[in-house]
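To keep things simple, chains are lettered A, B, C, D and E as they appear, and every chain counts its residues starting from 1.
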Amino acid sequence: MAPILIPLGGGLLSFIFYRKGFSISLLASIVGISLRTDGPSLLMLLMTGVTSITITLYAAGYFSFRIASPSKPGRHERQLQFFWPLWMILLGSLNGLFLAGDIFNIYVTLELIGLSAVALSALSAKPSSQIAAFRYLLVSLLGSLSYLLGIAFLYKTYALLDLDMLRLVPPMKGAHTAFALMSVGLMLKTALFPMHFWLPPAHANALAPVSAILSALVVKASFYLLFRFWFDIFNDLVTPGALFVIGLLGTGAVFWGSIQALRQHRMKLLIAYSTVAQLGYLFIAFPLTQIQEKLYWLPVICMAMGHGFAKTAMFMASGAIFLHVKHDRINELTGVRAYLPVTVFAYTIAGVNLMGLPPSGGFIAKWMLIYAAFEMHKWWWGIVIMLGSLLAAAYVYRVVSKLYVMPPDTIIIEKKAHSMLLEWPPLFLAILSLILGILAPYMVSILLLSKKLVSIGGIM
Amino acid sequence: MFAGGWLLVIILLSSLIPGLIIFSLEEDRHVFRSVLNMSGALLKIILVLIMDVGILFGQSYEVRLRLLVDIELVLHADPLSALFCTLSSVLWLLTTLYAIGYLENSPNRSHFFGFFSLCVSVTTGIALAGNLITFLLFYEMLTLTTYPLIIHRGTEQALKAGSHYLIYTFSGGSIFLFSVIWLQTLTGPIDFMAGGFSPALIQAYPTQMTILFLFLFIGVGVKAALIPLHGWLPAAMIAPAPVSALLHAVAVVKAGAFGIIRIVLDVYGIKNMQSLNLLPILGFAAAATILYGSVKALQQDDLKRRLAYSTVSQVSYIALGVSMADQSAALIGGLVHLVHQGIMKITLFFCAGNLAETLGIHKVSQMKGVAKRMPLTMLAFSVGAFGMIGVPPTAGFISKWYLGIGSLESQAWWVLAVLVISSFLNALYFLPIIIKSWFQERDQPYPDEKQFDTFETHWMLLIPPLVTACIILIIGLVANSEFSPLSWVRFIVEDYLLQ
Amino acid sequence: MSSHNTYPERKNSLALPVILLTSGLFLLLSYTLLSIEQAGGLAAQVQSALPKSGAESPVTAVLLNFRGYDTLLEVMVLFLSILGAWSIGRASLPQALIKTSTIQISCVRLLIPLMILIAFYLVWQGTRFAGGAFQGGSILAAAGVLLLVSDFPKLIQIHSIHLRLGFILGPVTFILIAFYCIFTNKTFMAYPAAIVSQLLLFIEIACAISIGLTLAALFAGGRPAQESSIAQRKGSTL
Amino acid sequence: MDTALNFYILTFFDLTLITALLWLAYQSLSTDNIFKAVILFVSFGLLMALAWVRLHAPDVALAEAALGAGLTGPLFLAAYRRMEKLQKKERRLERNDEQENDEQS
Amino acid sequence: MITTLIYSVTGIALFCMGFTALILCSHLLRKILAINFMASGVFLLLITTAYSPDPALLDPVPQAMVLTGIVVSVSTTALALVLACRVQETTGSAVFKRLLPFRKNKGQKD
């Protein structure tokens, strides 16, 4: 597949070029499509970039490890063969999504992301993963269609597709419907409780690098859009009641996801449910976002980045453990520390980030959210966030406590070659997620930088 | 930022970097690890002493790292932090020496010493924290770094103790975080400063401030093991002896007590505490804990558990002293107990560890006649125990004396009664041990005896308790000299009472 | 045999609430629709920019020029579907959909060139009137499907590398030309005015070929048999 | 007069067309027979192309006829055939071997 | 105007019909069909925004969007069909009990 990979990967990675603001359209008119970049999208690109490099390294290690110890000859070669192009397209379309400045363009990019994510999650040959992938595909299509219907209504109302133009239009009849349809579509793709049902099986049954990609990047992409629509583009349409409902759903996600995570017997399912819970926080941020504050993006971006890094690290670590132990049943993971110390350490640090302990990105986010909750006299959201952190601590502890036990009869499994690439990328990401709080000033400066760069090309 | 500010960072790094290096060491690099550990500890002591001298001469140390507009990490050295910092660095040196001897030939030493060093860095961080956020940061990190130490043995029981510990401390931590943020929405960013925030705020939000204090108090009270939040401490006794020594004497418990001091003196300020009428609440909680801990200690047969309950009781003397913060004598007594209790308790734990390691003795009832086998260890133990009871001329006497004077000055007769009763209880649970070991004949073989050539036990296990025992006597005897903890505490208290 | 055709849906307890829900949705959406005052649309803008676009049909102009980036991504979606299909499973042609006979084969032999001709005509005249890469491509695909179901013996022996090159032909041409524009016009996908119509035609032809191949391959439903045998050989040597 | 008549004829045509469309969609989705459903879908696609022509969208009409009906239909049929074949194999296996059931769960 | 209206209402009706079927039907192929009908509905709605009795005022942008949409929907359908076959192949069944897998597929398989 290399002949396809090289031009395609090259072509798609070239999306990164757009950062310099090449205009896509020939004519500087509103018919054209424009790519835009600003602080939040730059940060999301940054996160995608860092995560993707690490995932790529890890995937290289992962597949060579699997191929070196074949259980079914040919299977892993096939997976490897298709993993790279799919992953490259996914990466390219993610970057494309963060740069998109046109709602229909976003639809096509969403489809690209959805299809490549589905194909990736179907790579694992397990029957359960096929079912999960099919369900994922249906949900993804349903979400896109709902979004497209929203576009139809929006176009009927305004005859505009450009995001920056849409930001300026006054609210009109029909816009609310369009906005609701688009939001529901995106929420479905972001797996907001109770529309999360497809996520845990799809994420838990995929190959380890794929789970990392899905959890860290794919759901974040649609969340990013959702947040942008709600607070950046269509802020006039947002009502306090809607925000409250979103917050409630987020609360539901936090509790339901955490409790389900506590009930799982498999490590990967636990991590997948914790994604549901962590996404809940992102939605609790909705009623706590004060648009008049300049930095309203900061808590969600911090949370998304921190969670992205940490979750990637966790899935990678669980993958490494799975490759060595051949299962991921939590109760039988004792003694792993003896031969995978770095992995276990990475998992622990990533867990610390999920709990939101300082100085992780999650801490900064939770701090800002609770602070906002008090300032807006909605302190109950603060309590929800704190309880959620405690639950997170509980499910992280469930795994970590097993990993740190060293029964006297631990059999030391010999480390195999390629382990470097399996062990160090997760540690890198875990540490990054831990010190994200310290990097917050830089994130702030990037966010502020945005205001100077808004919208390149398109409208003149 | 002052040029001296970097000293604080270096102090933190002096144990952090050895810790990180130790993590990556192979298990059998025994010598290198020990050298690294000891040199880190020595370096830290030297740096801390330099800082102390600087503070004495009025030098100010501060580093700031601004994360966001309202989130700022501040390292700041004032006399109070110097006190805690010096205590932890001196005791770290001794504990490291002890731990090297104690864990000889046991598995996972890299892991252990790595977390051990991190734990000390974090404790120093707590000492040097310049505002509540930084304090919170290190406070939560302390939980994380001590947890692996508690479950170091990896047994079912250790895990259970560990999960107890986490449940308590994380709940406390959450409440703490919650209330810190709440406080900050009311007061804006606040640094630790003698006198606390402006009294105008108290007038503006009296109820919220009272509730907040209770929340904060619960948050730090978990680590300070105030009843009913003390449940984790006796359970955590499952950890290896150096860990218990460190947990009880320096790190966790003291972090909680230190937190109480900071909140009362530097966040709320004595005047605000008085106007909110909160000091008696603190006093009652402390008194109840003192009595409860002593009674429970009396009932324990397991030596380490008895010591643990004794810690529950003794740490609350600090809170008791702080609760009478308007009287300089009481405040002096409370603060100086931070140091005295640390040194005395670590001595006791060292000795208990020696008994367990050398003779296999874990229970009080097995201790008949051990002083003949291990005279030096039991000598140190006796000094520590007398200190706890408050017999002159030990350090413990000094603290209790000042506390007593304070209670007389503030005419809080019930405090005096608590002091007397608890000293009596202390005597009740320590004296039998001393009598048994020195004056009774051995009637059964030792459960698990090991022989050593020159001394009664390994020299590395013997030196630390002897040194600390000497310190107990010295700081008791020369309490009035210029370099004793007592005069340092006076130096601190002057500062606060000037406000 | 016909019994296999039927999959009667079971009675579903959710049926009533779901139908109520969707009816509500229908009423709501229709009501909104009635209340919308429709905006003017972009016809005028497109018309004014049309002369510079290199295409006479406004739809083609929008598709390939003004919103060419969307179309590029759309071609990628198509490529992705074949990539996904190949990654999921091996091809298994539903054989004997039509009984292969000599009459059929000669018919096919006649039809195929005709279809290819029609396809390219559609592509070519797509710049002026209805039609274009997708319509032409699908005619090509229909030809491919016809070949597949007629069981042409040589078809099986097409090496997968040729197929793969065929799939990427469209997107790669598109991307390359878009990049070429960076050198001439300093902007991605801003075609130089002098040769814009030629470039568009070039893109359309390349895309049509890729689309046709891709759709025909999708009909086959998976990667060719030799694809997996290569992998297996690799696996056994490693 | 002429335009009015034209209008009525067109509206009548429109109404017939959408009735047919909706009826086909309903039938396709509610019939028990999958094969029939697919055939109905193809005819739906062809009528849809007619609707596109009616709405002055010849490009879309061509695409719908070629892609929507011309290719999606065969795709469905091919998939349907393959699934049916698998189903038959499955049944044969089921008859021979009960263990096959365990893997499903 | 009336033309636009009846066609767009038809589009919405198709969308809702497909949505109902997507949730209620359990056979995979029918789910894919349902998705296709939904897509047709949306396209119909989009095209009606472009419609004008006067050919000069026809808006080409929605038409281009629908063209893109049709290709996307064919691609997704093709992938979905392949995946459906694969599901049948590996699990032996092409029928989901329902779209929402409450208490299903959470087994502790490796």
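Points worth noting:
The working rule: a residue touches a chain if its C-beta (ideal position, glycine included) is under 8 Å from a C-beta of that chain, and two chains touch if they have at least 3 such contacts.
Bear in mind that the values here come from a model prediction, so they are computed numbers and not experimental data.
Among the remaining chains, not one touches chain B and also chain D. Counting hops only between chains that touch, chain C reaches chain E in a minimum of 1. Once CA atoms are averaged chain by chain and compared with the all-protein CA average, the nearest chain turns out to be A. The chain with its Cα centre farthest from the Cα centre of chain D is B. Set against the C-alpha centre of chain C, every other chain centre is closer than that of B.
Summarising the inter-chain contacts, the pair of chains with the most C-beta pairs in contact is A-C. Computed centre separation for the pair chain B/chain E is 66 angstrom, with centres defined by C-alpha atoms.
Once the centre of each chain is set as its mean CA position, chain B and chain C turn out to be 72 Å apart. Between chain D and chain E the centroid-to-centroid distance comes to 11 Å (mean Cα coordinates, whole Å). Centre-to-centre spacing of chain A and chain C amounts to 30 Å, using the average Cα coordinate of each chain.
Within chain C, contacts with two or more other chains are made by residues 7, 9, 29, 33, 38, 41-42, 46, 59, 62, 67, 70, 74, 77, 80-81, 84, 88, 134, 215, 218, 221.
Across the assembly, chain A contributes 31, 104, 108, 111, 115, 118-119, 122, 127, 149, 153, 155-156, 159 as residues in contact with two or more other chains. The multi-chain contact residues of chain D, meaning those touching 2 or more other chains, are 34, 59, 63, 67, 71, 75, 78-79, 82, 87, 103.
A complete list of chain pairs in contact reads A-B, A-C, A-E, C-D, C-E, D-E.
Of all residues in chain C, only 4-9, 57, 59-60, 92-94, 97, 122, 129-132, 134-135, 138-139, 141-142, 145, 215, 218-219, 221 touch chain D in the complex they form. The residues of chain A lying in touch with chain B in their complex are 295, 298, 341, 345, 352, 355, 357-359, 364, 366-368, 370-371, 374-375, 379, 382-383, 386-387, 389-390, 393, 397, 401, 404-407, 437-438, 440-441, 444. For chain E in complex with chain A, the touching residues are 11, 15, 19, 22, 28, 31, 35, 38-39, 41-42, 45-46, 49, 59, 61-62, 65, 68-69, 72, 75-76, 79-80, 83-84, 86-87, 90-91, 96, 99-102, 105-110.
Residues 23, 65-68, 70-71, 73, 107-108, 111, 133, 136-137, 140-141, 144, 148, 151, 154, 159, 162-163, 166, 170-171, 173-175, 177-178, 181-182, 184-185 of chain B touch chain A in their complex.
By the touch criterion given at the top, residues 28-29, 32-33, 35-42, 45-46, 49, 52-53, 62, 65-70, 73-74, 76-77, 79-81, 83-84, 86-88, 161, 164-165, 167-168, 171-172, 175, 179, 182, 187-191, 228, 231-232, 234-236, 238 of chain C touch chain A in their complex.
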